[in-house]
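Dumping the structure here so I can ask a few things about it.
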Amino acid sequence: MIEYLALIILIIISLSIALCMIRVYKGPSTPDRVMALDTIAVNVLAFIVILSIVLGTEMFFDAVLVIAVIAFVGTVAISKYLMKGDIIE
Amino acid sequence: MINNLAVYPILIPLVAAIIQLFFAKNTFVQRVLSVVSSALILIAVVFLYIDVRTNGIQVYWMSDWVAPFGITIVADLLACFMLFLSALASLAMSAYAMVDIDANREKYFHFPLFQLLLMGINGAFLTGDIFNLFVMYEVMLMASYVLLAHGSEARQLRGSLHYVMINLFASTFFLFGIGLIYGITGTLNMADIAVAVQNADPDTQGLLTAVSMMLFVVFGVKTALVPLFFWMPDAYPQPPVATAAMFAAIMTKVGVYSITRTFTLMFPGDEFTLTVIKIVAVASMLIGVLGAIAQTNFRRLLAFHSVSQVGFMVLGVGFFSPMGLAGSIYFVMHHSMIKSSLFLCSGIAERLTGNRDIKKMGGIIEKHPFYSALFLIAAFSLAGLPPFSGFFGKLILLFAGAELNEYIFLAAILVGGFLTLFSMVKIWQMAYWGKREPEFNKVKVGSFIWGIIILVGMSMVLAIFVQPVYDMVLEAAEQLLDPSQYINAVLRK
Amino acid sequence: MFSVLWVVFIPFIFAALTPLIQKFIGEDRIGLWGVIAALLSFGGVLSLAGYGLGDEPLYVIYEWAPTFGLTLGFYIDGLSWLFAFLISGIGVLINLYAYWYLHKPDPFGRFFAYLLFFMGSMLGLVLSSNLIILIIFWELTTISSFLLIGYWSHTERARYGAVKSILVTSVGGLAMIGGAVILTVITGTAEFPELIKKAAFIQEHALFFPILLLLMLGAFSKSAQSPFHIWLPDAMEAPTPVSAFLHSSTMVKAGVFLIARVHPIFSGREEWILLIASIGLITMVLGAYYALRKVDLKAILAYSTVSQLGLMIMALGFADVLGAKATAFHIMNHAAFKGMLFLVVGIIDHETGTRDISRLSGLRFTMPKTAVLAFIGAFASAGIPLFNGFLSKELIFEAAYDQIGVASWMAVFPVFAVVGSILTFTYSMKIFFRVFYGEEAKELPKHPHDPPFGMLFSPGLLAAVTVIVGILPFIAERFVNAATAAITQQPADFYLTIWHGFTPALWMSVVTVAIGIVLYSRKALLEVLHSKPPFGLTVNAMYDWWYPNIMLGAEKLIGVFQSQKIRFYFMYILGMVVVLCGWVLIRDGHFRFIPHDLMHAETYEYLGALAFILATIGVALFRSRLAKVISLGVVGYMLCATFIVLRAPDLALTQLLVDIVTVILFVLVIYFLPQLKEVKESLSVKIRDLAVAGLTGAFVTVFVLAVYAHRHTTSVAEYFLDNAYELAGGTNVVNVILVDFRTFDTLGEIIVLAIAGLGVYALVRMGVAHKKKKDSSI
Amino acid sequence: MIGLLAIIIGFLVGTGTYLILKKTAFKVALGLVLYGQAANLLIITMGGVKLGEPPIILREAGISYSDPLVQALILTAIVIGFGVTSYLLVLVYRAYQAHDSDSVDLFEEVDDK
Amino acid sequence: MISLILHRVTRVIIHILLIFSIFLLLKGHNEPGGGFIAGLMASVSIVLVYLTYDIETVKRFMPISYPAMIALGLFFATGMGLGGVVLGYPFLTQTFDYFQIPLVGEIELATALIFDIGVFLTVVGATLLIISSIGEGS
């Protein structure tokens, strides 16, 4: 039961990643794209967690953790760029 | 105690580089260490050679893991020759660099980078593992990228932009090739791959040939064969002359070495492959030298010559006979000595006249006859005039071609030789002859010249003792043509 | 024998020591050093006379590189000894002459070093018993000649002449190497005595003619035979002693020597006569004709030399004893009178400051001694009795006349020999009478007078030889006989006399002189010869066209490919990969391309792949750079997810982190880069790019699938899985491989990263330093 | 699955090719990064697709693992690629500073003084 | 311009990130992680600091010379390998053993860890050197 549920969720997540890609593509503004990137990161995170359930392994949790704590750094850099301040002062 | 000789040529420069990094402020220590390191490698290589001669191919298991599982360092005769050349060239370059490199470059790690370059080169010669070959290539290339742009002069940056891009691109194909080879054979050790290739069924053999072609293109790019060489004449002339000479003398040879190794050990003697190699070689010989003829920039001219000369070496591999391979190795030895000394000569000419264009030079012989004589010997040697080493290099190849009745290639060798002479004469008559009372910058030519003397002297030795040297390289060539020696040594069968 | 080595290497050793000695005895006296060296060599040659003039040749061998048939062998028979004698003997005279001839600011030491270097090479050439060694010395003479012609390199003409000489002669030299290599490979030896024994085998061989042709190309180019003659007149830019030594009496005869040397090996077949005699004939006539048209004394002598060499080569081409004998005799005679004429011209040039025949006249009043010498030289060259030139020319006429008996078409040889001789007679007269008779020339650059004794000594001696041999020819008998025997490999026993009856040859001489006098005295006839150049397209013009155009052509050719646009370079590489690999795949295309369970995948995997592909295309498609980078970031995330799907947690982690850092780097760089100017690309470029991209993408896909279909069944990876825990003490096999099984890779990898770090640091810092420097300089 | 991966590799290579044929250094750098990722993906496919557990030994019998060697190779390749890419990026930026141009084409007289 | 939220968050999170990176380093031999991943993790966290504060501040807090750090990393990695050579094993030979430590229990000590520390140091040094150089270069 949980297997099927997980598969469905995986499909939904994949779909949402694909949809986010469309957001990256369409924009219209750059912040939209940045948000899409961030969303994709979160989606990937969710994807890995669900996949771990399907596969019954906990080896991927590190990756989840790292995405969770680190993925935003890229977003920060882009945001600073968008603010047109120095990225690194 | 196990015999560590085989790994010293990699270890010595690595350790030297690390020490130099710790002495980042003290350039004197760095300089001395460069020379010492090269000299130590030279000694180690001589012992290694003796060892290989007496005890057969030396195999060294890195990290103590047996082949084909760990990384294996394999020193056969070919590797010894290449190591000897790199050590010799680096010794000469270090001597030259002592007076040539400016303080700014010294401060920003010129010497450690040079040592790491040397480590990469030596590693590429020694490794018996194809992925490790890639890694060593990358060490070498990364160091060369940095050394090429070192100094951040505008034109350097442009030249190295192409260089980095092309090589990064080629490296990707190298990875593709390694991946595909691993996919088919399930191993990375070159000897093990050779066994797998021998045992492969005919279908797979065809695929393997295709993969080997991919590797050929990759090595062709690194060694600058036609039609893959175009990045090279823009890149190699840019850095300080000692570095440029090292690139031209040894780095192109790494590609030649890899082609030799790949097509003698792993994918030996496929007729299609050999035809491709020979055609590409002849094209390089002729087009490269035509490129050289068109130039008036001293260093660019020399860089173009490398394309042409590499053609000669690769042609020897394409002959795939003991004599052809021996000729190829002999030519490699000759060329690395002569080409680096020519580059060093160009450096002196540049310092004297403040110019890179031979049209704007003139009359060097009037003030510096000895240095001019050295250049003349090197130039005529490159052109293949007797009794210099280049003549014998070509002679061996001619004999090899004549034995195989490949008369077209004979003609190509001769035409290539003639055009080389043409361009060398052009340099000589423009830069060294001319003007009776030339005015030059004040340069202590005497202190620059030692590296050239070493190299030209060695090339003369190569010429005078052509028979013993030939016997030595022939032994190496025969070893190459009998891959079972290598395989048995590595896999301990 | 020691003395052979002595003869050959003494000049080399002395040449090498010149710079040192110069420091001790001073530049002015370095000429004496040259004279000493030449004398020592000459003495050595004399000491070998027993072999050269006797019946038993001397044959010594020092092994060098047997694999290539290289033995440092010396073979002294009549032929080689005659040449060695001439070379070292004239060498002494030339060194003496040059001692007075040179003046400041010419660097003396270099001159004598080159000269000795040449002498040694030439001696080595003629004495060696080995074809390849001969070629080595041959090329050494080319090099030394190059250096000597360019001695006054500050003049444009000297450089031009030097370059021309080395290029033209090395064409032949290279051909010779090719011929020698083929010959050595088919016979297994390069020693002349051995080759002579195998003459029959060689003449039967299928490659006989190619070998002969290649070797003869060398000989012809060195001996300035048509169409290679062009280099010789320009070589006259060298100082006169050099012209006299190299370009008239010795080096240019190397070709004649080679032909004589290989005579016993090749001369049995018709190709020999056809090739050699006819080239000789053409050259002889053309050379004489050109000589007549010139006004520069040295140019006249140069073409005259060309013509005389043609004469000798023609005689050798007859492949009979008489021809050989005539050649041997003429070699000696020509060396004497032509060398002397050159030295005389050198004197004239030295003392008057010009060599232009139209400016000089009436010098007999001011330079009487020189006039006597010139008289002897010119008359010998014209072939007038009582001078040595007459005798040998007579012999050649005889040999040519004999050819009629062989085949009737060969009557062209005597006929054209006479034609050539008439022209020779005419220009020889011109040399003497134009310069020394007529009104005394005024407005010469210098005030003419006879030179010092030192300069007269050498030509004087040669003149004496010319006359003595002309009157008492039996003196030369032994030389000629020994040389003839060596050329033909048969014992020779001739007598040389002035008078041998009313032979056809005598009548030919009479005709020559008669017509010659008419021609010379009738100005109108001369005019005709002067005015009309025979061909618009001369070989010289071809060379002059070719020399710059090969550079331009090469520049164009390279320029086409070396566009300095990296996209084309990428395309070459891609093209090569696709063509070569694709060719093999198509050739062996019968194997399975499609692995089974090709498209078996979960639905979410399809969707993920879709997102992946979208992101990938996005990198190319997006206009804004930031969007490109974001898309790249997404590609990285998707790759990370793919790694997870493929059960690679370490990779996923690494990819993720690298992706983030890469994105940051890209953003940083975008920040510093300017806003993109939208480069409008034409549709065709876009289509081209898309085509290339599509092709490579499809190719890689197919390749991957094909390889996957033939994937290995066992791999070394199993060993790692089996042993990682027991032997290396870790459960994360990937990490164990990285830090234990394949530590060296990891070491290399961190070295790469370290270099990258240091490199970036240096790049940025040095850039900053530069900028500061630039700013402060402004 | 392998079909999907091969197609993705093909797209990565194709897009990379399209980008490296452009005139601006920045795009070429992007293209090269894509190429590197294609190589990584290609290598991991060669280790076999979906063969078993992640290669972390569980010390239980009868478990099949996916190929650890390719993963180690890719790790090395990623790192090397990262090093070279970052250097390339800085070079692009410095080359721009030196010539005020983002073009990858060399200028006529770059090397002749 | 300085973002207050970022400031506060960074202050808190940086410690967690660095400790997490050490954790990844130490467990690398047996679970996902290892010198390289840990090094990148640490670098990214420090990059976050760079992004939050300016270069001068970071320099004040962390007066580390990155080139020296690289040299040290290479020294560790190579030195570990040379240690083997001195003891008569091939270059880069690793060994490991299990030790019984009171209170903690059995732990595994591998020379590979030294190597991994070398990797860690080099990666951190190189990555930060690259990023800070570009940042400074403006």
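Going in written order, the chains are labelled A, B, C, D and E, and every chain counts its residues from 1.
Everything below uses one rule, namely that a contact is a pair of C-beta atoms (placed from the backbone, for glycine too) under 8 Å apart; a residue touches a chain by one contact, two chains touch by 3 or more.
For clarity, every value in this text was computed on a predicted model and none was experimentally measured.
Engineer: Which other chains touch chain C while also touching chain E?
Structural biologist: Common contact partners of chain C and chain E, which must touch each of the two, are A, B, D.
Engineer: By the contact definition above, name the pair with the higher C-beta contact count: B-C or B-E.
Structural biologist: B-C is joined by more C-beta pairs in contact.
Engineer: If I average the CA coordinates per chain, which chain comes out farthest from chain B?
Structural biologist: A
Engineer: Taking each chain's centre as the mean of its C-alpha atoms, which one ends up farthest from the centre of chain D?
Structural biologist: That would be chain C.
Engineer: From the Cα centroids, identify the chain that ends up most central relative to all protein Cα atoms.
Structural biologist: When every chain is reduced to its C-alpha mean, the one closest to the whole-protein mean is B.
Engineer: Using CA atom averages as chain centres, what separation in Å is found between chain D and chain E?
Structural biologist: Those two chain centres are 24 Å apart.
Engineer: Taking the mean of the C-alpha atoms as each chain's centre, how many Å separate chain B from chain D?
Structural biologist: Using C-alpha averages as centres, the distance is 27 Å.
Engineer: Where the centres are mean C-alpha positions, what is the separation of chain A from chain C, in Å?
Structural biologist: Distance between chain centres: 69 Å.
Engineer: If a residue has to touch 2 or more other chains to count, which residues of chain C qualify?
Structural biologist: Those would be 564, 566, 570, 605, 629, 645, 647, 649-650, 653-654, 657-658, 660-661, 664-665, 668-672, 700, 704, 707-708, 711, 715-717, 720, 731-732, 734, 738, 740-746, 748-753, 755-761, 763-765, 767.
Engineer: In chain B, which residues are in touch with two or more of the other chains?
Structural biologist: In chain B, residues 14, 62-63, 109, 131, 135, 138, 142, 145-146, 149, 152-153, 162, 165, 169, 176, 180, 182-183, 188, 234 touch at least two other chains, as defined above.
Engineer: Quick check on chain A: which residues sit in contact with 2+ other chains?
Structural biologist: Where chain A meets two or more other chains at a single residue, that happens at 59-60, 62-63, 66, 70, 73, 77, 87-88.
Engineer: What are all the chain pairs that meet the touch criterion?
Structural biologist: Here the touching chain pairs work out to A-C, A-D, A-E, B-C, B-D, B-E, C-D, C-E, D-E.
Engineer: Considering only the defined contacts, which chain A positions touch chain E in the complex?
Structural biologist: Per the touch definition, chain A meets chain E at residues 59-60, 62-63, 65-66, 69-70, 73, 76-77, 80, 83, 85-89.
Engineer: Would you pull the chain C residues touching chain A in the complex into a rising list?
Structural biologist: 602-605, 607-608, 610-611, 614-615, 618, 621-622, 624, 626-627, 629-631, 633-634, 637-638, 640-641, 644-645, 647, 649, 652-653, 656-657, 659-660, 663-664, 667-668, 670-671
Engineer: Note which residues of chain D are touching chain E in the complex, please.
Structural biologist: 54, 56, 75, 79, 83, 86-87, 90, 93
Engineer: Hey, which residues of chain B end up touching chain D in the complex?
Structural biologist: 131, 134-135, 138, 141-142, 145-146, 149, 152-155, 157-162, 164-165, 168-169, 171-172, 175-176, 178-180, 182-183, 188, 234, 237-238, 296-297, 300, 355-357
Engineer: Going by the contact rule set out above, which residues of chain E touch chain D in the complex?
Structural biologist: 30-32, 36, 123, 126, 130, 133-134, 137
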